[in-house]
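A, B, C, D, E and F label the chains in the order they appear, each numbered from 1.
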């Protein structure tokens, strides 16, 4: 077996917990009523088929789902997490008790479909930006706008889709957002953050060029350009470059109202990242099915 | 306070658990770094504003989120769970510590946005069917294609949007689906289910009219018409009516490939229900924000 | 190994959780003090012996108990879940570290004894009804009167004993019970339930024949005949048959005060089911022991 | 409010956990379907009525059940935990939303019925022994033969019924039972236990008088007389008294096959305790109902 | 009540969980045996007294401990989290049921003593550095060498003691440590980290000056100087300053073998931070007691 | 593999839970960022090296940590739990994926370091007492002053270090401590405890010789001599011996202010046990590292 790539998979403890919760909600109180309708001894081979082209994600969750239902089921993937797959591709095989496979099927597919849907949407945005802007196009960033309870899984799916992870949660870097700025100014806020949280990323949300200048001067590590047009973004990029900080300048993030359609217009602005909550909270599932073969 | 309507809200234990998990993933390991950047004594009033017209859902989760962060925060809703609201509507108020409000904000909005998104999509389908078919149009049904871990919450949001809940999980009624039918026939399967699970709903997936006839004869309580055109559905409806069972005939469900666009073409087929996984697994969020006042 | 029959076993996630909780309450805070009194290297063979005739249930829980204590212990069952066994029958073997076996013994036996006790009581009622009424005798139904925390396990034990499962919980079908009827009438209640919960079983509790007639007219799927004598039950059966619904008539349940002694008097009433809370909440344990052989 | 007596109640954390689990198994996945059938605004008063004479136990669990469903429900007890109550006694009142009361009712009653059943059985044995033996009769002891997951609750119910708690689990005192004695002798075992676990109770199971003599000589704190007749018990009592240890002699426990019927024959043997697993694992529920008033 | 300062307290969800676990391990299986030995109606006033001078931390955990045992207990603090207190200072009051206070006492004190011990040790190091180096002395940093399960609480105690938090866990910033460098070089590792994890802190462990130069050139945000003497540190500081990056130079951390005794020798090296695992994993408790007054 | 000695290891369920919590706090929300910086296919051999002489403890936790991260990692110990090891000793080996090893490393070492630290401190006290008092020296006892959440693990480490476990928690034996004695007298308290909790250890805290006499007369099983000098202890020992109870006299515990330095002065007092909270709540870690070899 090839060693799984830790970059594209969610951590195992998060997978185990998410699967256990999903099975509990699907099987409480008395289990799968329909499981007893097929012969207990019947065995089956089944195939995961991606019915619409997209990016595969969630394989670790799907494997774990079968494992928690029946340790005797074998799951084998023929496409890697993060692979771009054509419609009709068989991406994995399952073999074992027919009854157990039927019990696990929907939960496994719910994980696969949702996480592949996220990865697919991310990949589409990555590609659209690259097509429009080449290697200098902004990279794609997720947000904290994730489905409650699935943060670790969705953030991994973003990576599998070729995107990058913004901060994981409130506990890993500092952001001064609009609502914080009702209580503290940028310069004071950054200074206080630098004092309280040495070495951590300090990220400031800006709505106007003057704020960008203030944030650069305050020493921010990253600046969120909120709801700006491509022209406004370019102006802010220029302001930041003018500060002469070279590689150590703040990273610039475009945020607010980005869609697959309008993203290319930002591809040559010189900003570093484009973030979008819809990657995780509005991605439709990728249609993946499990076909019984025997 | 008016008594909450138990039909549109998820059960409290599911709300408490989902919120606790969501906060743990947003605050582990060391909490909200940015919370200390605003004055500890600062207080704020804030408003939930629905930025795009839709159906409000998830209020119980949002309230619980603030409560778990800080029992001193007051949350007050001015629109009911399930209310249809115009863009720009203020649907609720929050008052308390600014720092606590900022910590809870994103998690509360993630619940509200996702669940309102589900309710909004359901309502759109309900209305489209009603517009095309009047009171005899099929009602809208959800599926088990829910986001893992959020079954109870999404099923409540479906109800808040005017839809109905299909079976909650594998443990509440019997379905003989295509993959089961690789292991047992319809007549035998229904008979075995009736014997093993007296009084439970027995639901059979049919792809062809002959299967519908067999399912009716076998005594099925509900029949899923899989991937049929409106004409095929009408033929099956006629076959079922021909059985002369009156009100005690099986309930008929249209399933497979239903979209907001094509649903109206099924509105006058005489089927009872239209189900769609996309209501829960592909609904984009409804854009709801929290604006600080003062 | 033969494939376990999913009908008679509880779902694995429920087994794992119940065993983990049982071991935690038996071993917190510092484990089995007495485990260190036998030589660490000592190994043993042990046998599960049923000391009083009955029905075996709970084997999956017992196996899991040993597995959670020590993965090196082998457990092998020589009687199936649901088997009727004579006094003195050896039903299973355990082999491994003596110390580990002693630590797991009581918890494993608590599961086996309790669940076999339930199955045995169910089987006695099933047999008594069959003896008195032949194949037309009512079948045995459990209730929601289960031991808190053990719903899934006890409901499986009922199936292992030859009984059937009534609704699993408040979330799988609708019941209008006496206390609901203080707030809504039968006809209105059934209509509202049919509207809100399409395709779900609607079950009405009736204390008088007029209520039965109303429930049939309202379209109930099942009717609970509360605390009626055999004669009253027969009268209600006749009323329902008179409605001319054939196989699609409501299922009739006898409930209230049923005992092993009086059940046979209901065996020829024509009702479908007899339910009794005492099957799960008042069954004495079946005496099963673990004898060390070496 | 009078302060609850900590001796007869289970610890709060165990109550909270047991209730949360019980509600989860009764309400997963989508809550109480029937709750929406009564008017959301309807309120009710209800009474807990003990229908058969017995001992009340489980009030803290019942209160917690209502509290977890709806914090607006008031619960008020008119009989104390451990009270001996006549058939027909109203022991408590509930007031609040009708819908919430109906949702909580069965779970609350399952706790009350089971725990009161345990307490009632204990009280019957306590009284039978006292009637036969007066104040010198053995006191009643429970065992580790409890229902999995309910150890804390059942042990509290034993105390509420006038019994005493044997060791709580494997972690609080040392027992050398028959299966241990396959691996170590009494004298060596007690010595090793005394060395490893200073100050802890060391309890030895004996099947023959010679073992009792050995256990006394070894310094055991308590001796279990396994499956002995009253005469055999008396002989063992005499042997222990002959050791001349006065008040510091080992405590003597009668165990094995004790029933309500045969217990009185042991009442004047001079033993200290009579233990019986059936107090906790085979007690039928006490019939307690909740009657809606108005 | 003054608003608690979110900077010095651990997040509430972590407090609730830690307290629940601590109480479960102290009260399983059957609760506080000794609680029944004092009169149930007895009430008491008690005082938390710090017996040795130090820094107070853990008040939120102590309050929560009493709250989980008995909601009727009032806890009132007269010193703030993070306060420097003299021996003999009364820092808080508890009032309520004597029995409940005795049950909660030890667990509350275990939290207070441990977390105050951490805060006290941190404060001692902060003060020693300040005394030797004034405002330019390195600040104190914790590590991931925390007690398993108490990360959030100990990191908060570090803040209460005047220290700063290094990364919270493996998920918030990137570190290339010696063992990573067996698999990848500094320049490549930083470049890969910058690509995969935009905007995150990238921190490199260096054992030699050449590595420091490489890390600066690679664009590291922070550099750990491993096991260096003050002279070696000064040389590295100079190398970094020579890079001419001004305020945007990497932050420099002294790590390895730092003690309260040798720390002052690093106070004027110009490094930014001094980290020490012993702050959290080897701090002795601060002696705090609870004295009953009545 | 040799069978693990159940006396020196914590129970497995406690190990699994503690490790799962520790990994969750180190990997939430998105896992080990740095894991992707080394080649996914890289494998490594690593060694656990004890850098300072001490007693090894926590091996079961360390093994479980690697197992939960990656089941493909092999862990092999070359020293036993409880072994006294010299500085520089290799005590175990790890082999498997480099990336997985790096992810697990710190958590595994946190367990090993802390628990070995406890064991080492215990062993030092055991040896100091033995050196001063020979085989009649008091044995070493722990207390309930443990780190919250780690009771089972620290108590096992005490045993691994050659100490003995005092009561595990509030639920295993009765103690009448100073604060209880504000509510009840010794004689009455012991009598009440003996009545309520037959066969359990009853332990009384005494500050003065008169109390010791009263406790002996009351029938206490163990007496805590609080904060007494060696002379006072000797006087109390004499008082107890004078009672003429021989081997059945109460066990005598020295408690309060015991340190490694002053403990030898108590070695010949004739007391049975010396207890110290600092063994568990103030032990510095033992320095153990993981060195990559490849």
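Simple rule for what comes next: a residue touches a chain if its C-beta (ideal position, glycine included) is under 8 Å from a C-beta of that chain, and two chains touch if they have at least 3 such contacts.
What you see is a predicted model, and the numbers here were worked out from it, not measured in a lab.
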Query raised in the report: Which chains, if any, touch chain D and chain F both?
Result: A, B, C, E
Query raised in the report: Among the other chains, which touch chain C and chain E together?
Result: A, B, D, F
Query raised in the report: Taking all residue numbers at the chain B/chain E interface, are over half used by both copies (same) or under half (different)?
Result: different
Query raised in the report: Any idea how many Å lie between the Cα centroids of chain A and chain F?
Result: 44
Report summary line: Rounded to the nearest Å, the gap between Cα centres of chain B and chain F is 52
Query raised in the report: What whole-Å value do you get for the distance between chain A and chain B if each is reduced to the mean of its CA atoms?
Result: 23
Report summary line: Within chain D, the set of residues that touch 2 or more other chains is 7, 24-32, 35-36, 103, 151-152, 165, 168-169, 171-173, 196-197, 200
Query raised in the report: Which part of chain D faces chain C closely enough to touch in the complex?
Result: 18-19, 21-22, 25-39, 42, 44, 46, 61, 98, 101-103, 105-107, 109-111, 113-114, 117, 144-152, 169-177, 179-180, 182-184, 189, 192-193, 196-197, 200, 277-278, 281-285, 290, 292
Report summary line: Counting only contacts in the complex, chain A reaches chain C at residues 20, 23-24, 27-32, 35-36, 40-41, 68-70, 97, 99-100, 103
Query raised in the report: Given the complex with chain E, which residues does chain D contribute to the contact?
Result: 2-7, 10-14, 151-152, 155-156, 165, 168-169, 172
Query - Complex contacts: residues of chain E adjacent to chain A - result: 7, 139, 141, 164-168, 171-173, 196-201, 203, 219, 221-222, 245, 247-248, 251, 253, 272-273
Requested in this report: Spell out the residues on chain D that touch chain A in their complex, using ranges where they run on.
Outcome: 24-26, 28-29
